[in-house]
Amino acid sequence: MPAHPRNNTPMSIRVAILGPTGYTGLALIEWLLRHPDARITYLASHREELPNIGEVFPRLQSAIPDDVAVCKPIDPEAIAHQADVAFLALPHRTAMQHVPPLLDAGLNVIDLSADYRLADPDLYEATYDHPHCDREHLPDAAYGLPEFFRSDIKHAKLIANPGCYPTAAALALAPLLRRGIIATQGIAISAASGVTGAGRAPAPHLHFPEQNEAFGPYGRIGMHRHQPEIEQTLTTACGEQVGLLFVPHLLPTTRGIFQTIYADPVDQDVTEENIFEAYEDHYDDEPFVRVRNDLPNTRDVNNTNFCDLTARVVRTNGAAKVVLFSTIDNLVKGAAGQAIQNMNIRFDRDETAGLI
Amino acid sequence: MPAHPRNNTPMSIRVAILGPTGYTGLALIEWLLRHPDARITYLASHREELPNIGEVFPRLQSAIPDDVAVCKPIDPEAIAHQADVAFLALPHRTAMQHVPPLLDAGLNVIDLSADYRLADPDLYEATYDHPHCDREHLPDAAYGLPEFFRSDIKHAKLIANPGCYPTAAALALAPLLRRGIIATQGIAISAASGVTGAGRAPAPHLHFPEQNEAFGPYGRIGMHRHQPEIEQTLTTACGEQVGLLFVPHLLPTTRGIFQTIYADPVDQDVTEENIFEAYEDHYDDEPFVRVRNDLPNTRDVNNTNFCDLTARVVRTNGAAKVVLFSTIDNLVKGAAGQAIQNMNIRFDRDETAGLI
Amino acid sequence: MPAHPRNNTPMSIRVAILGPTGYTGLALIEWLLRHPDARITYLASHREELPNIGEVFPRLQSAIPDDVAVCKPIDPEAIAHQADVAFLALPHRTAMQHVPPLLDAGLNVIDLSADYRLADPDLYEATYDHPHCDREHLPDAAYGLPEFFRSDIKHAKLIANPGCYPTAAALALAPLLRRGIIATQGIAISAASGVTGAGRAPAPHLHFPEQNEAFGPYGRIGMHRHQPEIEQTLTTACGEQVGLLFVPHLLPTTRGIFQTIYADPVDQDVTEENIFEAYEDHYDDEPFVRVRNDLPNTRDVNNTNFCDLTARVVRTNGAAKVVLFSTIDNLVKGAAGQAIQNMNIRFDRDETAGLI
Amino acid sequence: MPAHPRNNTPMSIRVAILGPTGYTGLALIEWLLRHPDARITYLASHREELPNIGEVFPRLQSAIPDDVAVCKPIDPEAIAHQADVAFLALPHRTAMQHVPPLLDAGLNVIDLSADYRLADPDLYEATYDHPHCDREHLPDAAYGLPEFFRSDIKHAKLIANPGCYPTAAALALAPLLRRGIIATQGIAISAASGVTGAGRAPAPHLHFPEQNEAFGPYGRIGMHRHQPEIEQTLTTACGEQVGLLFVPHLLPTTRGIFQTIYADPVDQDVTEENIFEAYEDHYDDEPFVRVRNDLPNTRDVNNTNFCDLTARVVRTNGAAKVVLFSTIDNLVKGAAGQAIQNMNIRFDRDETAGLI
């Protein structure tokens, strides 16, 4: 097959991906291959036998240049020599072992793990049940949710890419909390995710015949690791401690996150117009948040970097309840797409480059 | 093919099905074919060209006796001559036109439409946007939820088989409301249903490529027609007006209803034990309600008449929230299976006959 | 929950299942629970920690009597004491270790593994790459395809239940080979199976996101272990050595086998009528083979014990080709249902008992 | 939302799409939005009420510029004023009514319907049961299968984009027929397609609950409209009349075509090496054909413009049979992707532009 010369302009952003063999790694590769102004130069694996990504994912064969396809070791100096930015699609706990040497080698780092998302290392340790071994760089990490922290992202060498559930939840809730439209307590989030959200390792309950035609909640209810991350973003947004209940479910789909969120209005006279105004106020210039009048569906955002949102106010026996609907593709706006959006911001490119 | 003599004992219950060409009709037929003590004797259709059910559903060919397979007209006298009970799987509004003559002809009637579920005909008219044309028999209809109205069912000539959503919701909520464990206001139900719940008529949004890999809410939020039915059952159960918010979603599955229900405890010190006690108290002798410790999933109830239930109490910032999980097969416990359970009760058979 | 007294008549067939924790075991349990004249009395496992089947398959909870739900060891004497027949849903190779003591203890044995399907033990050893350790009983085993070996089955203590692919293939091909309608060489079978056909053990390629929206062949083409079994049945049927090519594919479904079979007619003037005549001749009295005019689909046979068949003759540039279509549910007519059909025959019950 | 300036370079190819509201239209829009050197300037609909494409496909909202989103009438002069090339995603029969005026207006035309695929208008009329109303331009149409007709495509004002099945079949068969490796008669193609291949109009058998968990053949076997198109390409490739049998099946998936092809070798001593040599010889420089050693699967080509191929030689009772496996995404290499590949060739761009 002929080499594909695309994206090899001298000025294009040179990208390394650490841990490319999971679903997030695959999504990063596929979206970066289409990016007009970035190119993958280094795939790094911590496996002893270095994998050829075209064998791991046959769909990438001859799409990715041969010299890049074979993974190389995680060698920060070598990576820094060949790349401007390192995306880390490594497991939680592993990522923070690699971040310090990568930063020291001069690289920009976009970490897709949870290791730098929680500002408070004690909360991290309680949540992930593991010591945080890089408290030094934690304060410098920008939380990579552009719609709320764009200027931080622009200036940060280290970007903590948000979790998939926290992205969908924060985009729906933060503008309303900031404006004081909904109460900070008593928020309930019914979330549903496609199976790629559970990773690529086979497991009995993720075996095709078990998950096909199946739907139900999972994990310890009220203890999901994304809950503190959601609360942190919302608390930052409104300046008050936010309390919420997060209940995740598993969908019989490959992709897609959907959240139906129940909240109490601060003012019983709240209208849908109030909410749409808050959304439009916050999202009017945002390229990837679509405030819709009709009801969102994962089908409309799958394989896109969009978050679709809407709201309803329902009155029962006189009491008003606010219901929000938010959906993203867990692998795109919930992972790889948002990471590329952050790269675009950091490297001063058009924020939508490679994403529409 | 040889005739299959099964179920043709002289004492077996003779069953007519009106409107057998939808998914509920198919489920009725398949479950009744297995019933040890009932047999289908009459399929009745209001179509001009009377369908052969084996052509409508090729899976029934040679399972159903030839002389029954060809539908006959809806003729109450003829039906009464050949059947002891008539199951109505007709559309709302159509059902109540046929009930009076069927009752007059001496038949027992189990109506799977919504026409006799709401005790208040004005509420029916407001909800279904149509006059109720059989106010006469409405007061005599038993609401066919055996776990709460078994003795009514036993003595009723007319049984209104509950809706699928109301069944799953009432089984989860009623014992807790009755015991005063959860508040009567502020209940939010996140419900999800397989596509058979939307019927057998093709529609753009139910076209396979649209609904595959898709998930989202539908309808006018807060206005689902099952909401008054749920409220009626719960209000009956606890003697107080109950207010709730019901949000339905469509799953990319053929079958299965799942409900995640958020409620406020009356007493902040409520424990999961309190809830399980209430459930066990109410359901200990119930053959079709399974109170589980682990989390339910539609996969465990699909193609069964079971309702699987569990509960969690979650505390956030000191505030307790009760989360209930309830799941049934919309076509079985949510329709055909429950109808047969009602028939078993009415005809003094073992309630589980043909259902396990 | 109350005990369910059903099927506990003194004369009902008492059934043991060895290896009930796979998909075939589950199917056996669910179909036997509905059987009017058989009851499960013993579940036997070779696992060290004896599983409770209600924990392995939550859908069985309270459907199966408590005293049966907890598996017991594989103890032939104890089994013979409590059961009339033993169904073996054990892996290949394991089954034949247990068959001799079970037969010695006086039990009827229906083996759902491959161990007694091939009459020639050398062919077995070449195919399954393992010594056959029960050559003694092999000649006594009846091949449990009722449509061709009903009288053998009636008189055999040991029944080898056919493979799923061989069942669908033999039912389509054998009548035509026997009548000399199609040539014995050059038959090509394009087969597709739902994922339960690959068993219950998780594997990377059977992980939900890999198998969802996927379709393709698998294994070493031309080397599938079911090919010699198909050839054996067909060679028996027509008295000539049959040669065929079998190409299996995996469907993104839980259940269902579909086969599209290409064969050359012996006589170029063959008509579809000739084929339908041969089918009707052979299958006219068969309760579970449906010869259809229209095209079969797995949707029509899933969760039934039927095999749906049809045939087309197509002429291209003057040359005639016979195309056969055959479909069954791999877990029912391809495993558990056929095993129960064999039990019914062996124990002189109505052959359709519990199966329609 | 901000305008997205991408692709608006003065030299980029300006594209019109006629009939953008089907699945092929959607695929064209999504792939063209990513193209580095083309931009959509005109969406044309023949509906009376001109649709907004963002309402038809909510996933396109804010991805497509507002001024383009609202469809305009099919006005050849206006289109020629704003576009360099017109893609026709119109139904068969409708397309050829619009081609002459579009060509007259000076546009390049890439027609995705069947109207210009068959060189012989009488064969067209027999196959599509409709007069061919543009016999004038038919001889000028290049058949848009770049791997075989690249130089024709380069110089043609009118390109007939191949059917999805014919693309997958021709790529697998043509090199082997051309080299005389397989016989020209007796080829059997078992093809399977995702449901988007059947279009976007709802139909009873494409209703989600019918098609979910279903698999089977469709149509009149041996009479599929794509069969003459496949034969024409193969006959052109090898200079001899080719005869084949084509049997299509419908998969429970949204996308993907898979073909398993059975052919007789000309020489019984044929080896897989012979076949791979022929493939490599023909496809070595082809960017979108991947000759694989392992077995292809739709999962590896879905949402790509690749065709994955492999071959096996199987010997049964001494007789050799060649089995070919070929897979594409029906909406990409089988429709929109190939159309863009043709545009790239015609407009002298890198053939892979926008496609990897």
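Just so it is clear, A, B, C and D label the chains in written order, and each chain counts residues from 1 on its own.
The rule we apply is simple: contacts are C-beta pairs under 8 Å (C-beta built on N, C-alpha and C of every residue); 3 or more make two chains touch, one makes a residue touch a chain.
Because the structure is predicted, anything quoted here is derived from the model rather than measured.
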| item | value |
| --- | --- |
| Of C-D and B-C, pair with higher C-beta contact tally | C-D |
| Most distant chain from chain B by Cα centroid | D |
| Between chain D and chain C, distance of the C-alpha-averaged centres to the nearest whole Å | 40 |
| Whole-Å gap separating chain B and chain D, where each centre is the average of the chain's CA atoms | 47 |
| Chain B-chain C separation of Cα centroids, rounded to whole Å | 35 |
| Residue list for chain C, restricted to those that touch at least two other chains | 194, 210, 213, 252-254, 297, 299, 302 |
| Partner chain C, residues of chain D touching it in the complex | 185-186, 188, 190, 192, 194, 210, 213-218, 221-222, 241, 243-245, 247, 249, 251-256, 258, 260, 262, 295-299, 302, 312, 314-317, 319, 321, 323, 325, 327 |
| Chain A contact footprint on chain C (complex, rising order) | 23, 194-196, 200-204, 206-213, 252-254 |
| Contact set on chain D toward chain A in their complex | 1-2, 4-6, 33-34, 36, 58-59, 61-63, 213, 284-287, 290, 292, 294, 297, 299-304, 306, 308, 350, 352-353, 356 |
